[in-house]
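In structure tokens below, several structures.
Consider the two complexes below, in which chain A is the common component and chain B and chain C are the respective partners.
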Partner chain A sequence: MAEEKKLNRRDFIQNGARITAGVSIVGVGVVAATKSSKDKYVWQIDPAKCTQCGRCATDCVKNPSAVKCVHAYDVCGYCDLCGGYFKPGMNALQTGAENQLCPTAAIERRFIEEPYFEYIIDEDLCIACGLCVKGCGAFGNGSFQLQIRHDLCDNCNECAIARVCPSDAISRIPANQAYIIKGESVANDES
Partner chain B sequence: MKNSLSKIFLFLIFTFLFLGVYGQNRFPKPEFDSGYEQPSPTKPEPRSNAMEILDVFVLLAALSLSSWLAIKKRSRQGILWLSIFSIIYFGFYREGCVCSVGAIQNVALAFFDSGYKISLTILAFFLLPLIFALFFGRSFCAGVCPLGAIQDLLVINPISVPSWIRKTLDFVPYLYLGFAVLFAATGTDFIICRYDPFIGIFRMNAPYIMIILGIAFLLLGMFFARPYCRAFCPYGVLLNWMSKVSKWHMTITPDECIKCKLCEPSCPFDAIEIPIDEKERTEDTVRKNVRRFSIYAILIPLWMLAGGFAISKAHVFLSRANPDVFLAELMITNPELIDDTENLDIQTFLESGKTMEQLVEEASVIRMKFKKGGWFLGAFLGLVIGVMVMNQFKMRKQDIYEPHKGNCFSCARCMDFCPVEKKI
Partner chain C sequence: MSKKSIGILILVIIGIIITIIILDFLGNRPNNRGDNPYEYNVEEFKAVDASLIHYKETKNIPLGDIIARGMDIFKGDIYITGQNFLQVIQINGVKKLNVELEETGICLLVKEEFIIVGLQQKIILFDHEGQILNSWMPDKETTYITSLAMKDDILYVADAGNRRVLRYNIDGTYIGEFEGKSESEAGHGFIIPSPHFDLVVNSYDELWVVNPGKHALENYTDEGDLRGFWESSSMKIEGFTGCCNPAEIAVLSNGSFVTAEKGGMVRIKIYSQSGQLESVVAAPEKFVEEGKAPEVKVDENDIIYALDFDKKMIRVFEKK
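On to the complex of A and B.
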């Protein structure tokens, strides 16, 4: 009789603990669900905040980085003397390697018509150093910009470059609008 | 006159606004005569939401399968194959992200940062293994968690560790959990993800030191089985709590235990409870232990107070992990660094146009969060220590060989050692 009673007490405690545990999981779940979103979130660089410090090239868990230079053609002035393409103080306006700003020669310069040139980025070569972005921003329209490429990005739970970004330019944004491209995003920024 | 002035004024405002939006449009976009068509930048899509939902279903299926294999099928081999699948899918294919262990931090951030929205997939990854643990024990650890699975495969010659070492190591996961929540809640860092030793192996790419750490853990695991799970895993703490009260936990024997001792050495994780000799349970020891138990129970609030005091005192030191606090403090203590062009953080801050006062204000808000959080963290750790010390004198009744429901990973190794056949 005493044994049976003891077992019952044990069961009672077990059941009570189980219910408490269950209620706390459900509680945490419900509270977290009120702060949840069905959308998937991805990391992206806000070009308006980016200062091209160069850490995207070195701190991404991917090697080479999942950040690439993206050309926002809408903003481009198609300059002959491109501040993102040519080194400042280069010898001549020609495409020799010694004149190019890009350390990996990832930018292709293509003649369109007098006096306009198109600049195309080879993302396989780009290492996200941001030199061209800085150059274009300093002398031109700022049509080169750094963006996280989502075919390369692992979408880490904590983005390694977001952590070290000195200008807090990297944040989570909804995946259905996974890019912030100059010129295009103006309408979205306004709203 | 007045009217035209205001018109000019408005015009100027709009011009400035327009210029502000377009930033530095120094060169207008040309109009081409040659019929050149402007390309638009490519935008490779992220992994689709449907695939993320698929991950949740894979997790759900793996958890169900793991529970069924441990409890109904009682098959070690099945769990082994499931482990290999999990290493391939959650490990190498998903590259270790999203994971339930790291999801603790997302939940903590969602609780404390109103600006952060946790995605439902991550929430599901956090909740599902806990719910399964509440019913079936730690079937997540058995063969679903890729971090556990990769260590489990390398258990070669496990040695039994003295219980005082085990009990001391038991405290570390609480410490890790507490600090992970504190750092996540203050928006400082996700330390669980950052110091995950195996993610570098899954990605086959990580800083040198992390690869070394991962390999060190795997080598250690050959002798001290599953070192990360037992001595570090913060999610293990939550699973342990749930599993302790689980409804249908796996058992060593399919029927009644005959106390043959055969399973005793089979558990690489020292998670089998062996029967306690009833003869030791004299009137005298019971009385003594009950007294000690109650004394240590009374001491728990003291532990909590001491812990809270100690950690909140350390808030200045702890808050330096936050980049904003670090920067503010650096600039106050070393004002000459303003001229240091090499220091990117300071230079970027100076360019950003934010004033020093704003930065210090933000930093002090974060520091106060650390102070407050320190009290909670310290009280929690004090409670854990207090309960651990108190439990030293808990009188347990144990008359058969059973898995310790909290610590058992449901790996099903012990079952093969049991000579008892299931009665039909």
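On to the complex of A and C.
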């Protein structure tokens, strides 16, 4: 009859440590895998909270900023006198630089039919100053909105703009719902 | 530790504290920043020359928790409608009548024989005791009723959802409609970017309709033919700005218009029939910044009543 090997205290502690370490490693691996596959989060601006303070233009680590103006066409009134396009006190409703609100002329005003005009954002020129968003919100339907473009954003652990945003408008949201837009259709939206 | 060491330690601590305070003062925190280099500034347009302001606020009536949407003045009483109610209140604030509505009342019109309430897609006639006399619905599902006016027995209904003015007999019989279009360039048709579309019949029995997308007031015949118009687009006090102004209008006994604007510069002004700015009733400083356009009405003594949706009160303005 084989003699049963007795488990001494040292073996017990060693086995316990091995099991604990193994479980921990597997656990961390599982959690990390779950995080990376399921819970991808990205930074985004809530248009309802945004106050167009200008910090998206000045505080993003990217230059120019990864924040861009997007246009929700189904909210737009296609106005001739667009508060987001024309500078307050403009000389005339014409596309001359002196009449434009945007400091980089990033908005194209395109005639559709009398008296409707379409406003298209050139994101390469947009610096996210928020002037057009402010003007559109103050005098129009609020169809211009600032959003973080995820093809440009580095998705930093700590977003430099979120840290200084005075209205806490920037937070992490699920990557599968990466944009928060008032309207349904968005110009130049990512596919 | 010697006294000298303690003194040095205290000085070092004070130095550290001062450094932290300076760094914090200069630091980049949410509420610790100078001017916005991209500030949107319309302050110069908000300032109104005091000599232009011919009215003063003489009274206001707080509305409490109710959510009001429309108002009319009749024989010294204030009629208001809103979230599922029609109310009649005296100028001293005492409630005379309260009627529960099936939906939110958006506009109303009071006449000697009846009260007409416009819901989003329904018109209801009440007697002055609050009993329903008649009701009917316009034909389209996209109807959004925003204003009512009457001339003789014809009821004019502004339908912002379909950019048209409907005409009915008071029994609800449909007579016709018009969209403000004509052969001339001026008669483009109503441009309604948001549900602000007002109309009035003045003391000369003229129907005036706001074309907010054009910053215009347009005069129409009974059949809907454009008879005349004036328009004024400007950020300055002389004009209207934004997508949808003037959002509300009323008429004084001499035919002048009382206009109310929404958006970045909420203000109430008076224009002559031909569109010349006559005076200012209330400057933007009287209202919430980027607020809603107050509903404006005028009583038989040309006293102006403004339903201020942001401050939840009826404000009374009389000539100085």
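We take it that the second predicted complex is superposed on the first by the 147 of 191 C-alpha atoms of A that agree within 3 Å, B and C clash if a C-alpha of one lies under 4 Å from a C-alpha of the other, contacts with A are read in each partner's own complex, and residues count from 1 in each chain.
Just so we're on the same page, a residue touches a chain if its C-beta (ideal position, glycine included) is under 8 Å from a C-beta of that chain, and two chains touch if they have at least 3 such contacts.
Everything numeric in this text was worked out from a predicted model, so none of it was measured.
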{"item": "Contacts of A:55 with chain B and chain C, given as first, second, both or neither", "value": "both"}
{"item": "Per-residue touch tally on chain A - higher for chain B or for chain C", "value": "B"}
{"item": "Partner chain in contact with A:88 - chain B first, chain C second, else both or neither", "value": "second"}
{"item": "Contacts of A:77 with chain B and chain C, given as first, second, both or neither", "value": "both"}
{"item": "First (chain B), second (chain C), both or neither touched by A:153", "value": "first"}
{"item": "Partner chain in contact with A:103 - chain B first, chain C second, else both or neither", "value": "second"}
{"item": "First, second, both or neither for A:134, with chain B first and chain C second", "value": "second"}
{"item": "Footprint overlap on chain A, comparing chain B with chain C", "value": "53-55, 77-79, 116, 137, 139-141, 163, 166"}
{"item": "Of chain A, residues touching chain C in the complex", "value": "52-55, 57-59, 77-83, 88-90, 93, 101, 103, 114-116, 129-131, 134-135, 137-141, 163-166"}
{"item": "Of chain B, residues touching chain A in the complex", "value": "21-30, 32-34, 36, 38-41, 43-47, 49, 52, 95, 97-99, 102-103, 105-107, 110-111, 114, 116-123, 126-127, 130-131, 134, 189-190, 193-194, 203, 205-206, 241-242, 244-247, 323, 344-345, 347-349, 351-352"}
{"item": "Sites on chain A touched by chain B in the complex", "value": "14, 17-18, 21-22, 25, 28-29, 31-33, 35-42, 48, 51, 53-55, 61-63, 70-79, 112-113, 116, 118, 120, 137, 139-142, 149-158, 163, 166-167, 172, 175, 178-179, 181-182, 186, 189-190"}
{"item": "Chain A-touching residues of chain C, taken from the complex the two chains share", "value": "28-31, 33, 36-42, 44-45, 185, 188, 191, 193-194, 213-215, 233, 235-236, 241-244, 263-264, 290"}
